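Note that subunit A is present in both complexes that follow, paired respectively with subunit B and with subunit C.
Up next, the complex of A and B:
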């Protein structure tokens, strides 16, 4: 079908800029909201994105926090951005520029370290210093993770209801409970999944339920390597490497690639805010409009269908399609009135949204520094400074940091995952000076003893600097400015309830048909015309654009369905 | 090839398998290393004149249909159902809570501590029963690939079993003692604290097998858990099974990829066409068969089984019933959970991570003589205090750690039941190292492998397969707690082994 006929099919007539009537409204201008808008606009719909804050980007925003020093405020690296999103939206033309970060340095106490480089032979030698057996096992492990990552990636290409229907169809009786048409592609995915060798399927189910320490323990013996590899299993999650479920978070971070290079991580020139800006440019190039300072108060319905949104200032915008990129506490708990939902499908939505787990656990400490840090293990400038640097010297260390946060304190000796963006992109800081981006765990959303006031925020910042100084002596004297952000800040600035960077813990009880709600796991909510497209849907968090793409494709599918039901005529291309 | 079936291990699972197979006309020889039958469900005179249960002593999950088929009542088994399910006594800072099988009775009691919790209780029991009932059919047969698919597309069941138990409970309840009671029912021998993902699973497991219309009732055998083993042995013997105690199996003999029989420590060789091993996976494959006969990949799988969740038991002979604050005598008949709040269990699990003793152990206590006075001499009572979430590989070792743990347990008991120290006449102790040495429980894990979702259901081996792949030795069957559906006095792994073997 043509773009024009899609637009015509929802009966909005001619587009009317500023007239308060659109084909589709997207709530939230984070990267997912922008991706959804770009796909809809690309299909010819008249789309407006409504962002409550003064800036676009959500949790991907970048800012000049101190004169001359630019920071990606919350997120910091890009790997999960789906290649199909990059290609279909032509993001490279609109400014996507990812610089690979090829190595990871784990400084250890006493001036030792574990350094993993792009070159596998060199990495082998580094690991063999700690355990020859582990150095041997790394190749086999990487292969297995690659297989698992591909499997998960395949599963994530299908809306969970279709996938469940296809799996149900293959395992018999339960199929009739799910009234979903399944495309040939989804049927293929289900078949591929169920036809996997038993050992691989077992490994996959283990990954959904196991701790990363146990999972990694199947290959490795050295505490140092296990701790280093387990870093990806706790990022953004209130989990320790020994908590069941952390193996899935590990897998989640093995689905990425940069420019076709599997498992690469990249730094976006200008910071991750430039990714949002790139997607915004793509969306605008197709005619989408983006309005900031436009908080949405609720979704409007008429006759059991979506009719538009009401803004906080009382203005009403009309559209037959509304997509929300917000977390379920907002999308389902606040914007939607269950009374508007036809039948009893709205029952329990608000209560279930309230039980959604999205308490943040991570803080961000952004430092402006006068020169490059000198790590005791590698004091001179070198390639290690252009990669990731992680403070996670052992499993017990990370577990103790987690235990402190579990009972409502922040970690006095935290886990830190940092990069030095100005090494990769000199425009991030004045000449000779640098920015250091520290993603820090654990900082719970709620403290047992009082609020996150300035005193506690600074105490947390001090703990980070103290910890860094153990590995990079003298760094405390290099700090020119310091920005400390904790989960309530992420909540306030990016609008994510609880401040969880994934819009909700990535764990089996919040995945697939449960993400974010059994009644809204397929991007469709029980109110026809109202959709979800954020990180709290299938695909989950990270700068992937995956959820929004699948959601937008489903919207377009549904519109075609409406059209063919109305005898619209045009066939699907 | 011999038609004989040799069963390694005379725990309750081995005995169930022996009795079922003998009843079907098979030539069965059961070999138990210890002088008494029952394994971890044995009753021993650890204190002179007292019948002390060494491990499990709750028959609430034991399959009733198996009891009937094997006519255990006719062979001397007498069941006593406890009036109470679980109780947490009061302390200076917390209230007492008692859970009864009867919903209304529980609601009445909860009303004294939290109106909100009392109001939420019936809905909780109903929903739990509903989910447990959905799970139950998966627990009494080998699972297939399709079952995994079914589970993945049953959202609410999947959510309940994969969530942290405490988090799910807090959606409804607020009273710390009530939360502790439910965690105390679910988490023994799991190795996991209530904040860990997947701890919803053990509570569902208990409810699914405990008769899903009630919340995990406590059922005991008159004379101790060993009475179950005796009845099973009598039933098996009546059907012609040969049961030998003191017979230590040192090797499962394998000839050209097939079992040929077993060899005993004294050199005796017993030919068999099939062997059912109820030992742990580690003992079965690494000790009895031996790694050299197995594929490295398979050996690695065995080595990767997690045996966390060690326990220690202190048995005390008391001059009278101890005074647990806020608990009347009927409340003392069920599980007595000595934890003020879920975090007491969580902190014990934390300590185990770092191979330490819990600073303040949480205790699952039982007073078996409150139901069955015959277990101790007249005037005496028996208290079994089980300490869970212990590290097997304790830093500094158990030789010094054991006495230290006992001192901490004594202090805790005194806190919960002031004056109990003055009642103690005699005591006996089983440490994690004893459980391994005496019962072959690898790393002291009572469930033969941690019961968490990554080692359960489809991921736990079953009689003839492990994760969809057949076992590497023909004629070998697995029938112990390390198999699906797992540990506890269920009889199911033994039953599944027998049924699978009969089907061929």
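Up next, the complex of A and C:
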């Protein structure tokens, strides 16, 4: 499904700039809000994006926090960005520049390590030092995960309600020989899903229900490899690798691809803020307007339909379509007045949004350092420094780190997933100096004892540096500057309630038709004309643009429906 | 006679002896020294070999004009390729043939041989040019440096001493093969200027324009030995080539590597170079065109225009030059063939691979040199695609192709054969302008040392 078919101009063409009247308003200028705006503008709509903070980007944000040092403040790698978004929005022309991070180093205590390189034969030899059986099993495991990633890719391409309808209809079809009218593509996906070999379906169910430790245990015996591979199962989630459901998060991270190769990751030159800037350029090139410092107070409705938004300063902007890229606590809980929703569809919406599982669990520690870190296991500079480096030396280690957060503390010896962006992009730091981007778990939103603002934030930073120094002795003396960010900071700066990087935990109870709410699962909310397009919808979190693209296509479809119903002049492809 | 002396394994179409002591598949019986008579020739080593060989952890070597050259230092070329585009890469291009042309008639000889106008080449400039036989068929393309009023340096992919000497018959000029006396390092990438400045003395990099040359010394202080720098390269990026006497080659390498340490400099092999030059849309002899001296049949011969090098032919120049009359006829008639850029977009790749339920299997592959047919849409063959690869930077499948003149206009839709799994499929392609990638920093005046230029 390309969006070429939606490129026909279906905008009203009403001149609007001065009058505060638009075809569509997008709330939030994170990467998803910008993608939605770009698609709508590309289809000819008059679009404005309203961002509450002074800068665009949301959690895709780069910042020169210290002179000469640029950081990806929050999100740090790109893999889930959908190829269709890249190509339909022509993002390369607008500045997309993804340098691959091809390896992962897991330093271990005592100067040992597990190193997975771009070259599979070398990776085999590295793993064989820990387990020959595991080294061999890794090939099969990766093949199965690529298959599962491909399966998820196929599933995610359709909106959830269409998929459910298609599968339901197909079941009905076989039972009652009904002639079902679903789009060829949806039928194709449904058929694909129903025709999967039993083994693949079993894997799929396992991934939705099992813990990643148990899932990986089906393949591997070595604790260090299981811990290394389970990293992707906890990123951004208040889960241990031993928590049931964590296997799904693993799968979520396998859905990513770079140019067709699943499980590849890339670093955007200039940091992830440059991704937002790139998408913003694409949106503007199609005529979208982006306004910062424009917090939206609520969505306006008239006669049971969306009529626009009211800004916090009292200004009102009119539009028949409003899309919110914010988390459901805001989009459904705060911006939408349930009284405006026709019938009883708004019942319980606010309460359910308040119960949305969306606690923060991760912090970000960005370090400016005077030279390359010297890891005990591989002290000299080399390719390992241009890949991911993960401190997760064993399942027990990660589980204990989780336990501390479960009881309201931060991990004293945390899980750390880091990259050295300045190795991939020399412009991130002055020559010879470097930036170290550490994604750290676990750090709860609220501490059981003490306060983040009362010294605990820096204590958390100290724990991270202490942990790093166990594997890279002397790093504490290389640190020039330090930026420590915890979930309340993510909430305050990126505007994500609770600071959950995915806008809500990726667990079965919050996926597919339940994401983010049964009444708003297909990007439509119960208020006609008001849509969701953020990470809390289908596709979930990560710099994918997938939710926003599907949501925008849904909006364009709906507009076409409205226009053709009204006998409008829109061309129906 | 030579075979009797143990020189088996010689490739018939190359001056290279593909015999490598101890290398797997080297296949030469008796790699021990001959008991008597001529010893087998050893592979040539560039003057940087002692440096490159310790860094070549992949053991991937390739023969280039008889020299053992690094194909990729690491097992996969990705990091080396990205260094070209995002930091800087150091590439040993010493196997180029190099000729010094000196004497009162040096300019006259070059104007006789070359299609470009060397009366307009000032000292301190480099000119990229073609040269042809009398039929106007392309022999080679290469760079000519004007080192002094009466002294030039020609670099070429194939030997051409005899051709230059014969063309200069009766002229007051010396042609000397200095190929083995000079080592050449290409320093390419957005950080090249910063590194070059730190590694040399006496060269004003800020004042060097595209295709300028300058001389200075190696290292931060005086006394490091002479080096000539040209703002040239084969990557389509900001870059310089460093020309050094072989005995100072290692000093140059060390100075550049030292200076590059803080700028992300990586040594890069020929695979990365090939990826970069494809994005730059630069043609390669023996791959994208066949030199007239190697063309066994007439149809393989091309004129400069047909090889995409029409811009190097200056029919308005004063001097008569080899091939001029034929090229004038071609100007009136129009070239029969054209070198074009082809672009296959992502959705076409998705469509092809989805037929076998896969995502496109294109990323991470070096440029492919196996020629494949190019067709009119759904129709007959109109040419061949000689280099193709998926650019991880531009995220498009790119090809260099020679097609019939009438199929060469930008925007023309063509089909190109693509291997999908074990199948051969036709992919819809579009003729696009070359270069595919052309950053402003390549030609910028006073380029910034940063990456965003």
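One rule holds in what follows: the second predicted complex is superposed on the first by the 545 of 573 C-alpha atoms of A that agree within 3 Å, B and C clash if a C-alpha of one lies under 4 Å from a C-alpha of the other, contacts with A are read in each partner's own complex, and residues count from 1 in each chain.
In this text, contacts are C-beta pairs under 8 Å (C-beta built on N, C-alpha and C of every residue); 3 or more make two chains touch, one makes a residue touch a chain.
If you're wondering where the values come from, they're calculated on a predicted model, not measured in any experiment.
Just from the overlay, do subunit B and subunit C fit on subunit A, or is there a clash?
After superposition on subunit A, subunit B vs subunit C: fit, no clash.
With both complexes overlaid on chain A, does A:218 touch subunit B (first), subunit C (second), both or neither?
first
Is A:508 in contact with subunit B, with subunit C, with both, or with neither (first, second, both, neither)?
In the superposed model, A:508 contacts subunit B only, not subunit C.
Report, please, how wide the angle is at the C-alpha centre of subunit A between subunit B and subunit C, in steps of 10 degrees.
Value: 130 degrees, nearest 10.
I'd like to know which partner A:562 touches here: subunit B for first, subunit C for second, both or neither.
neither
Does subunit B (first) or subunit C (second) touch A:396, or do both, or does neither?
In the superposition, A:396 touches subunit B alone.
Given the touch rule stated above, what does A:357 touch, subunit B (first), subunit C (second), both, or neither?
In the superposed model, A:357 contacts subunit B only, not subunit C.
Contact-wise, after the overlay, does A:100 reach subunit B, subunit C, both or neither (first, second, both, neither)?
A:100: touches subunit C, not subunit B.
Looking at the overlay, does A:480 come into contact with subunit B only (first), subunit C only (second), both, or neither?
The answer is neither, since A:480 touches no partner chain.
Note down the smallest distance between any C-alpha of subunit B and any C-alpha of subunit C in the overlay, whole angstrom.
Between subunit B and subunit C, the minimum C-alpha distance equals 23 Å.
Where on subunit A do the contacts with subunit B and the contacts with subunit C coincide?
Touching subunit B and subunit C on subunit A: no residues.
Can you tell me which positions in subunit A touch subunit B when the two form their complex?
Subunit A residues touching subunit B: 164, 167-168, 170-172, 174, 178, 194, 198-199, 201-202, 205-206, 209-211, 214, 217-218, 239, 242-245, 247, 355, 357, 396, 399-400, 403, 406-407, 507-509, 512-514, 518, 521.
Mind pulling up the subunit B residues that touch subunit A in the complex?
Contact set of subunit B toward subunit A: 145-150, 152-156, 158-159, 162-163, 167, 171, 192, 195-198, 300, 304, 306, 343, 346, 350, 353-354, 452-454, 458-459, 467-469.
Note which residues of subunit A are touching subunit C in the complex, please.
For this pair, the touching residues of subunit A are 2, 83-84, 86-87, 92, 96-100, 102, 117-119, 121-122, 150, 153, 257-262, 264, 269-270, 383, 386, 423-427, 431-432.
Which of the residues in subunit C come into contact with subunit A in the complex?
74-76, 78-79, 82, 86-87, 191, 194, 261-264, 345-347, 349-350, 353, 357-364, 390, 392-395, 450-452
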